[in-house]
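Here the structure is laid out as structure tokens; the discussion comes afterwards.
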Amino acid sequence: MKLNRRTLLASGASAATLATLGLPVRAQTEPLKVGFIYVGPIGDGGWTFQHDLGRLAVEEHFGDAVETIYQESVPEGADAERAITQMVLAGADLIFTTSFGFMDATANVAAQFPDVKFEHATGYKTADNLAVYDARFYEGRAVIGHIAGKMTKTNKIGYIGSFPIPEVIQGINSSFIHARKANPDVEMVVIWAYTWFDPAKEADAAQAMIEQGVDVILQHTDSTAPQAAAQAAGNVFTFGQASDMEAFKPVPRISSIIDNWAPYYIGRVQAAIDGTWATHSFWGGIADGEVLIGEITEAVPAEVKAEAEALRDQIAAGTYHPFTGPLNKQDGTPWLAEGQTATDEELRGLNFYVEGIAGEIPA
Amino acid sequence: MIVLEKRPNPSRAWAFATPVLAVIATMIAGGLLFAALGKDPVLAIRTIFWDPLFGDFASYTRPQLLIKAGPLILIAVGLSFGFRAGIWNIGAEGQYILGALTGAAVGLAFYPTESRLVFPLMVAAGALGGIAWALIPALLKIRFGTNEILVSLMLVYVATNLLAYAALGPLQNPEGMGFPGSRNLSQWLAAANLELFPGTGIHWGVIAAGLAVIVAHVLLARHVFGFAVRLAGQSPRAAAFAGVSPSRLVLACMAMSGGLAGAAGLFEVTGPAGQISIDFNVGYGFTAIIVAFLGRLHPVGILLAGLLMALTYIGGEMAQLQLSLPAAAIQLFQGMLLFFLLAMDVLTQFRLRWKGAPVVPAPAAAAAPQEAS
Amino acid sequence: MDLGGISPILLLASLMVASTPILLAALGELVVERAGVLNLGVEGMMITGAITGFATAVATGSPALGFLGAAAGGAALSVIFAVLVLWLKSNQVATGLALTLFGLGLASLIGQGYQGIRAPSTARLDIPLLSDIPALGPILFRHDWVVYLGLALVAGTWWFLSRTRAGLTLRAVGENHDAAHALGYHVLRLRFLAILFGGACAGLGGAYLSLVRVPQWTEGVTAGAGWIALAIVVFASWRPLRLLLGAWLFGGISVLQLNLQAANVPVPVEVLSMAPYLVTILVLVLISSGRGRARLAAPGSLGQPFHASR
């Protein structure tokens, strides 16, 4: 199969002609080639690192039946489309593009190569050969929000936000709702760092919160700097983000919310091998093993730990939805009635705080 | 002991030989690096330098080389005039951002009009945005004597903050689910920087880069402006005597580099990048400075240097994919290439002599102490 | 003015910590530029120092040795720059930019295998008695020793540049290298030493991030701090004491806007973030135009290659 593709290209056929001809079907004996496009370096210890753990899990699970390739630090923008195309030309049969900013580039390349399968993380554009997938991080945030509400002594918890996008707003609302349920006096301080990764700035943000009396910090940015700031301050608790951040156990890191892409990647690669792969829009959560709650350390009282684990299990079992009414919007107007749960569509476009959170979402 | 002796004129022979020597030296040093990382050095070097040009997928990668090199060449050609005249605009990155911003803003003001006039208007706005941003250090230099290196560099930081503000605020896509970034301009026909030859991806920016090389060559070789630039670089006093106004030269050189950088930004944002986003700028403005020097500030040299840089980018990506080389190794490799190219230039400008050999006597130097070289 | 309960004392204390990496890197660059050399590779040297320092600290278990390793790493990288621009006469701007590229690649290559490990912690110095002074105590006297090292280096650099013969020579070389050469000074040797010092300081600044602030190795840990350091040197108009002010201003703007957010005061983040750079340009205009021109402007030979045409 590879030979065919080579001769085609060597004879001067352009990518567009190739697309109309369609790529030949792969021979059964060859391993499935799975490609990953990463936005950061695999050593970022956060977002990309976790996706790469997923890739390694695929290699481990399938052994010789699968070959993986990846490209790291691909900028979102002019270079993305070329990087994805080159991956197709390198023989990839299934390609995961792992950042929102790759959406349009992935859609363009997918349109040119109908016989290659594409999966784009956190986006919303689909096609016959382009699926999207995401994780319900807000489910995990509900659990750590509960712990935060129980653990705070000053009744002030902090949330370091990255960018005001729906995913982060879901996380803020979800953790606040459950912190309030655990502790009606709790207040939340939100700082927008406008970065996914900038250790110095994240440390400054954590420091600023601590000085305002915050004693439990949740972060939606990827570096361990807030953990270090909390440790230096003493008596401040934090949660690992993206990765477990186990180096900061047992305090300040008392639990964590982990991105775990391995089950999804293994399942989709299996589907591609079996020939059952089809496009979809998948949003997995705790039940799917995509969002994990890291070890709750001994700094957390046993009953709080038990409550948190019960909450986690209820969410996993589908008997509880973190966004269940009655819930009002920040301005007091009703959002969800008693017992009503938020739809996925509402959550995907979430752009307001729930009642009780002070401050404004920057426009 | 070897001493350097300044050549009266740069050596033409060495000017051609040094880039080749530098590439060979990089291949050797890079090969050692790749071998140390446990990869086949010959295969790695072949993948980087040969495959994008003549490999299995060359029909795809060859035009991609032009697309990647386009903005670098466009910006570097603009910068080279100022650099020749001793006017140091190192803020092309900021002018590139401003070009993209103003161009996109003007275009989006007409959204969703389908008119053929939108794209040309955006190109003009982009170039003007770049010019305006470059004229700030120029005017401050003329009026107050401020150092244009520092002002233009500071304005890069201001521009990146403006970019973030625009991507999160006024230019944000109202249908973008709250994600930072503008509408996709390449998917709006009136504003799109379209593919000119089907299947290649070649867009107007590549054509503009080619034109810039030709025009710059003619200007430099045949036009009085090129003469003024060269004279000012060699001897500012002689230039003043010849009637070249230093202020006008500063304005012209800065405007030229700013305009081309702004246009490059606009071509990228309407084409390959597609939208204004927080990290829209990927350092082309800074890389272009290196490209300008690698090309010895000559338009044809810049064309070749830009293509060489593009080759290491695209070949480097292929090496990552096919040999699982880490991206960091490619970055290191590019750094080596630049060091060798910059270092070897010494042979073009200077002659190596053994100390003690007869040196052309210079009157003032008789009493000067020996410099440890 | 009510800033929503922001304590100025705590603000100043965190500012001293936040500004330390950029202060250290800027101080090195200041000496380099005073010697007439513009090294734009600060970011590359910082991140190289961040990883060599981290690796040394992990290997030896000693943060102090780690900082030594960081200084050595930054200085080693600066040797490449020095050889190229001083002896091979390459362009300083282009070489500095290439150095950043090279340094970023080198650092992440060395750093493979150091992810997720924690550095040994750097001790905090609670200076006895002084740290108990109300108000001033917590601001000034309860930091780790690197903060004080940074301040000491500022004072030392000020003293060296303005009070010693060697410092005078260094400034002379930066102002007019041809004249300095004619007077018998070793232009290249002095510049080489200045560049080494610049590399070592940048390395220390990077290590402050990887050993104290984060304290872990992650790629891109410096996140552009080296570029800010370049701006601070200009803001300070090449004066060590003003450099301290500049580092506090640049570090302070970021700390202040985060504090205002934490206190629920809405702030236009981007406008605030670009303010220090605009102020720097204003400072440049003032020092280039006013009466203090001769005293304050950039070193005369900044960025120009030197070749002794005997």
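Chains: A, B and C, in written order; residue numbering restarts at 1 for each.
In the analysis below, contacts are C-beta pairs under 8 Å (C-beta built on N, C-alpha and C of every residue); 3 or more make two chains touch, one makes a residue touch a chain.
None of these values were measured; they are calculated from a predicted model.
Visitor: By raw count of C-beta pairs in contact, what's the busiest chain pair here?
Guide: After counting contacts between each pair of chains, the winner is B-C.
Visitor: Let me check something: if the centre of a chain is the mean of its CA atoms, which chain is farthest from chain B?
Guide: A
Visitor: How many Å are there between the centre of chain A and the centre of chain C, using C-alpha atoms for each centre?
Guide: The separation of the two C-alpha centroids amounts to 36 Å.
Visitor: How many Å are there between the centre of chain B and the centre of chain C, using C-alpha atoms for each centre?
Guide: 27
Visitor: By residue number and range, which residues of chain A touch two or more other chains?
Guide: 41, 194, 362
Visitor: Two-or-more-chain contact residues of chain B, please, as numbers and ranges.
Guide: In chain B, the residues touching two or more other chains are 164, 168, 326-328.
Visitor: Could you say which residues in chain C touch two or more other chains, in rising order?
Guide: Within chain C, residues 108, 112, 219 contact more than one other chain.
Visitor: What does chain B use to touch chain C in their complex?
Guide: 4, 6, 88, 90, 140, 143-147, 149-151, 153-155, 157-158, 161-162, 164-165, 168, 286-287, 289-290, 292-294, 326-336, 338-339, 342-343, 345-346, 349-350, 359, 362, 364-365, 368-373
Visitor: Per the contact definition, I'd like the list of chain A residues that touch chain C in the complex.
Guide: Listed in rising order, the residues are 40-41, 43-46, 49, 158, 189-195, 197-201, 203-205, 207-209, 211-212, 214, 223-225, 228-229, 232, 243, 246-248, 358-360, 362.
Visitor: Please output the residues of chain B touching chain A within their complex, sorted ascending.
Guide: Where chain B meets chain A, its residues are 56-61, 64, 67-68, 164, 168-169, 177-181, 184, 186-187, 198-200, 268, 271-275, 277-280, 282, 314, 317-318, 320-322, 324, 326-328.
Visitor: Okay, in this complex, where on chain C does chain B touch?
Guide: 38, 40, 80, 83-84, 87-91, 93-95, 97-99, 101-109, 112, 181-182, 184, 186-189, 219, 227-228, 230-231, 234, 270-271, 273-274, 277-278, 280-281, 284-285, 288-289, 293, 297-298, 302-303, 307-310
Visitor: Contact residues on chain A for chain B in the complex?
Guide: Interface residues on chain A, with respect to chain B: 6, 9-10, 12-17, 35, 41, 69-73, 75-79, 81-83, 85-87, 89-90, 100-101, 104-105, 124, 163-166, 169, 194, 348-349, 351, 362-363.
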